[in-house]
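The same chain A turns up in both complexes below, where it pairs with chain B and then with chain C.
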Partner chain A sequence: MPEGPLLTQLDLELRGIRKRYGSFTAVDGVSLEVGKGQFVCLLGPSGCGKTTTLRCIAGLEEPDDGDILIGGREVTGDPPWKRDIAMMFQDFALFPHMSVAKQIGFGLEMQGRPRAEIEARVREVLASFEILPLADRRPASLSGGQKQRVALARAMVTEPRILLLDEPIGALDYSLRETVMLELKLLQQRSGISFIWVTHDQNEAFSLGDLVVVMNHARIEQQGPPEEILARPRTPFVAGFVQGNNVFRGKAGAIEAGLLRIVTEVGEFLVPAGAHTAAPGALVSFSVRAERIIDQPDAAVRNRVTGRCTAVEFFGAVRRHVLELADGSLLKYDQFGALAPRFVTGQVVDLGWRAEDAVLHAP
Partner chain B sequence: MSTIRPGSPTSYWLAVPAAAWMLAAVVVPTLLLLWVSFWGGRAFSTASPLTFDNYIRFFSNGAYLGLVLSTFGQAALLMAITGTLGYSIAYFLVVKLQSARWRTALFLAFVIPFWTSTLIRAIAWVPFLGVNGVINQALIFLGLTSAPIEAFLYSMAGITMAQVSLYTMLAAGPVVYMLNTIPPALREAAMTLKATPFTVWRRIIFPLTLPGVVIGQVLVFLNVMADFATVATIGGNKHALLGNLVLNFYEGSQLRFASVVAVLLMVCMLAGVALALRVVDIRKLGA
Partner chain C sequence: MTQVTIAKAEAPAAAPRRAVRRLDHRTRSRITAWMLGGITLLFLLYQWLPILTLGLLSFSGPTGGTTFPMNGVSLHWYRELWDASIMNDFKPPLARSFLLALACSATTVVLAVMAAQAVRGRFRGNGLFFYLLLLGIMAPGILVGFGFALLMRLMGIELSWDTTAFVTHVTWTLPFGFLTMLAVFNRFDARLEEAALTLGASRLTTFRRVTLPIVLPGVMGAGLFGFSLSYDEYPRSLFTTGADLTLPLAVMAQLDRQLTPELYAIGTTTTAFSFIAIGIFTFAFWVLRRRVQARKP
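So, the complex of A and B:
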């Protein structure tokens, strides 16, 4: 990864992008900085504005407000063919009447490269993507995985500054995704091209992104490295959207020794106050990750709940116990390793967590 | 209830009613026409000897050959005009119009006139094109001409105007269909690969709509070749194409000649369709 002085020039900068369709606001003031050769994942539920943001970067939509800079150059009003980008579409958007080789050469043709160079470059790319035998095939005769490779090769061959990917592996079989994800990550690192990857799948976002941008209701809720978003969700939405968080809501009480007392339906808890300044009585929320929950806590653990086990789920590396608390809300408790379940369904147990493992959300 | 399996002997019975109808209404009359066109001798009877006399007489008449040429010329002219116009209309309706409501409204406005018969629509042009017609009155009102232009009605220009209005939808319809099958992402993908809008059209959209264009052209070609009603109503007695010649011979009880022209017309039309099929495989449409 290029570090230091190279990072001073941004590949992409969004400044307060806004896009409205009639009365519906699709993107509401999105700002983002993407350093050189970064892998950025736009993550969020459907309709959150991530695809519209991507289309604004591509020039397929024109924002009502805000600026877009690619490689430091203002491109806001420019059409797609004048931007230093390439895009990979969700359904791959392969041209049905062109052979794979023709298809991959299309972008080079548009750049006005000489025929001999195009042919050589296309063969090179076909070989590096391991699709040389497909050169003369039409898209209709390709499998999903093959189409995905062709679409990627077609976009990458033009060597853009930024590659935009709209749910690029969403159409693939689940079993293929893990392999493809690793390949794409390695490819991105080798090429030094910035990837802007739109997905609603947090596994994709967290395992691929250098930077994860969580969006909801047309806005960015939080952006940062995946570890930070997992460990320190900034808002109740992020905490709820990211798997494995237990979210509690309650009223703020007093701050004692840097810990904020929060009164909820299921008890009183202490949460690191940080820069919290809200008045006592204000509605606040915090979260604690399922793997931070402690079974049979000792006296030193001050945050405690009692729950009845309602389900035990097995995810391979993790066994998740779901417990119902006094107010009917559910608490997740994750246990690592393929051990036997800690509780059986119906069992009533005492659980807790250390105060420093809870994360207070921004109001 | 029993099931009729595809390919089973019983399934062929399903084709019998349609086959019988086609045989009686199309195949047999066509064969009769073909037979009559070869009848020689003086008497008009089934006992006539079969000769090429009728065809030789037709081809040795320069006026008739001129008519064949002008019919082809008219068809080519109409194909060019309706092809361009139809493609533009189709492209506008499918690609340029963003609002689905407007698209439906304009498409209906475009299609509804075609619910009336071709003959009625041809006749409807007369009050437009005549010396005191709508077009001339508008031109005089606007001061673009002092005296009414007579060349509209009873002229090839008038016939062409009427035919353009009659057949543009035939050229546009299949293109609308083909344009609708093209996902918008294809256009966008081409644009992100640095293709300008015209290049996108030339390299992506046009090749993918070509089957629709060819089918539209075939439909227009067949209709113009066979059109005698428009030529008769708008052209008066001054102008004729091959179709009118069939009618003339028929009305003059020259059935052998009527058959000859009808057979030639059919051969021309079949040749046109065969040519079109060499360009585009219509059977692959929608695949």
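So, the complex of A and C:
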């Protein structure tokens, strides 16, 4: 492993990437820095530009504007085969006419390595991915999980600087995903290869990514460690997209002792103002996580609502109560541990949250 | 358990009463199958009986005529064909037609793959290009040939089977090959090529190692179209071939002069030739399919 200056070098840098298809803007000024051996998840709804961004990095699409640097080297305009990358596709894109061994050796063959070296390396990779018995099989006779391993082995055999993964486990059975996710995380940590993982599944993004990049409408809404995105959503979109947030909209009032008063349909609330500078009366939004909601708040809790319980959901480790507020909007209240439901459907209850648990969004 | 058995026993009791009034769907679909099968058989007979008739009459005895009833059974007309001057008349046209068909086949394959790749990649005016290319199928052959011959004469180019006729044939065979390749590429997963590109293969290598092996069955099909359509082409050859005739032209000329079972022997022989060519292609196709398909574990 190279040490020293390389450690501070970026594996990938995007500077203002823009891509248009006719009048449709797919990627609009995306900038991103990926450090050495980072696991980055591009997260967003379908059509948000995450896959186009990935394809621009791969060189399968040419951005209209902006620069792409891989390992500090400018690659904008270079074809895919001249970039230090590999890509894994959602349905794996295995070559139907090649055996598993041939397929995995393909990248090495393209690098012009000697035959003996290719054979040895392929066997080594087959063994490490535990697919040695599949060496002579064709893709058509493999199961989904086996195909996934072959596709991953094929992409990683050349030890690229960056591995691009487009919804890599989306085609797998749900029960397989958890295991595969852990394996991939461990593999990424061991290999030191940077992973750029595109997904619309926030569970994948938050459990895998060192860096999560939330995209919407061709732009990056927020990027940061998963904890930060969960705890401090920067925009109403992020707060609404990430599960477990209660989003409130209202008019800004005065700031007292660092707390901004916000007037909403369901009452007045105090939210840490931070660097908030908007004039009183401006439309603002804030969010509170469902697990921060307090049942039967005492007098010290200044943000209070009354709601009627409409549904109780059970997610294994979390029991979620959905309550309808005065204006018809819904409030989520999460209870941890497999306890009995706190409320029954139809029950009217008082809830609240501490002012410091609310997060004010950027305008 | 008991409840389930009771429910099962009751169900069929209700069914026969309905069957009395109307034929149940199984009987009806069986009748439909027989009817459609019958029509298909009639059609196939209609298609193949004329050829079988010619084939049968070509085996008639030395005194046999060109119509039924057959006077004896012999290989007389085939022997005649081999020895007599008539075969010497037909050998060169046969060789020309065979070479011409091979050349058309090869040209069709190359151009069809390139044209289909171009349309697949989408370019400005690719819709117009598509229709212009298909015009080769729509345009009446005799007019295409005549117009082409006029043009060549105007330009002072001498008509010949291996130049002018060849070009005219390709305008006819190319659209068929092109449509075949379009259909094949329609089912082709472009991500396979992208996977190869990201694994370090250049575009040319990607085509050679990934695209071509996968679409090869379609390429064989385009080649087969090129061969068989050119081999028996008459209208486009009529005005563009010049002095040295191709086989269909020579046969037509002979038909005008005299009609003997010898001609039937020629027809049967060339049909056999076509079948052999198709057989070779089909075999190659089958071998390639097996190579592409999954080996049984």
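Simple rule for what comes next: the second predicted complex is superposed on the first by the 356 of 363 C-alpha atoms of A that agree within 3 Å, B and C clash if a C-alpha of one lies under 4 Å from a C-alpha of the other, contacts with A are read in each partner's own complex, and residues count from 1 in each chain.
Just so it is clear, contacts are C-beta pairs under 8 Å (C-beta built on N, C-alpha and C of every residue); 3 or more make two chains touch, one makes a residue touch a chain.
Just so you know, these numbers come straight off a predicted model, no measurement behind them.
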Chain B and chain C placed together on chain A: clash or fit? clash
**Prompt:** Is A:266 contacted by the first partner chain B, the second partner chain C, both or neither?
**Reply:** neither
May I ask you to decide whether A:93 touches chain B, chain C, both, or neither, giving the answer as first, second, both or neither?
-> both
**Prompt:** Where does A:85 make contact in the superposed view: on chain B (first), on chain C (second), on both, or on neither?
**Reply:** both
Query = Where does A:139 make contact in the superposed view: on chain B (first), on chain C (second), on both, or on neither?
reply = second
Inset, instruction - Could you say whether A:158 touches chain B, chain C, both of them, or neither, answering first, second, both or neither? - result: both
First (chain B), second (chain C), both or neither touched by A:255: neither
Dual-contact residues of chain A (chain B, chain C) 58-60, 79-81, 85-87, 89, 91, 93-97, 106-107, 110-111, 154-155, 158, 164
Listed in rising order, chain A residues that touch chain B in their complex are 58-60, 79-81, 85-87, 89-91, 93-97, 106-107, 110-111, 154-155, 158, 164
In the complex, the residues of chain B that touch chain A are 183, 185-186, 188-196, 199, 203-204, 207-208
Touching chain C in the complex, chain A uses residues 58-60, 79-81, 85-87, 89, 91, 93-97, 99, 106-107, 110-111, 136-141, 154-155, 158, 164
Per the touch rule, the chain C residues reaching chain A in their complex are 189, 191-192, 194-203, 205, 209-210, 213-214, 291-297
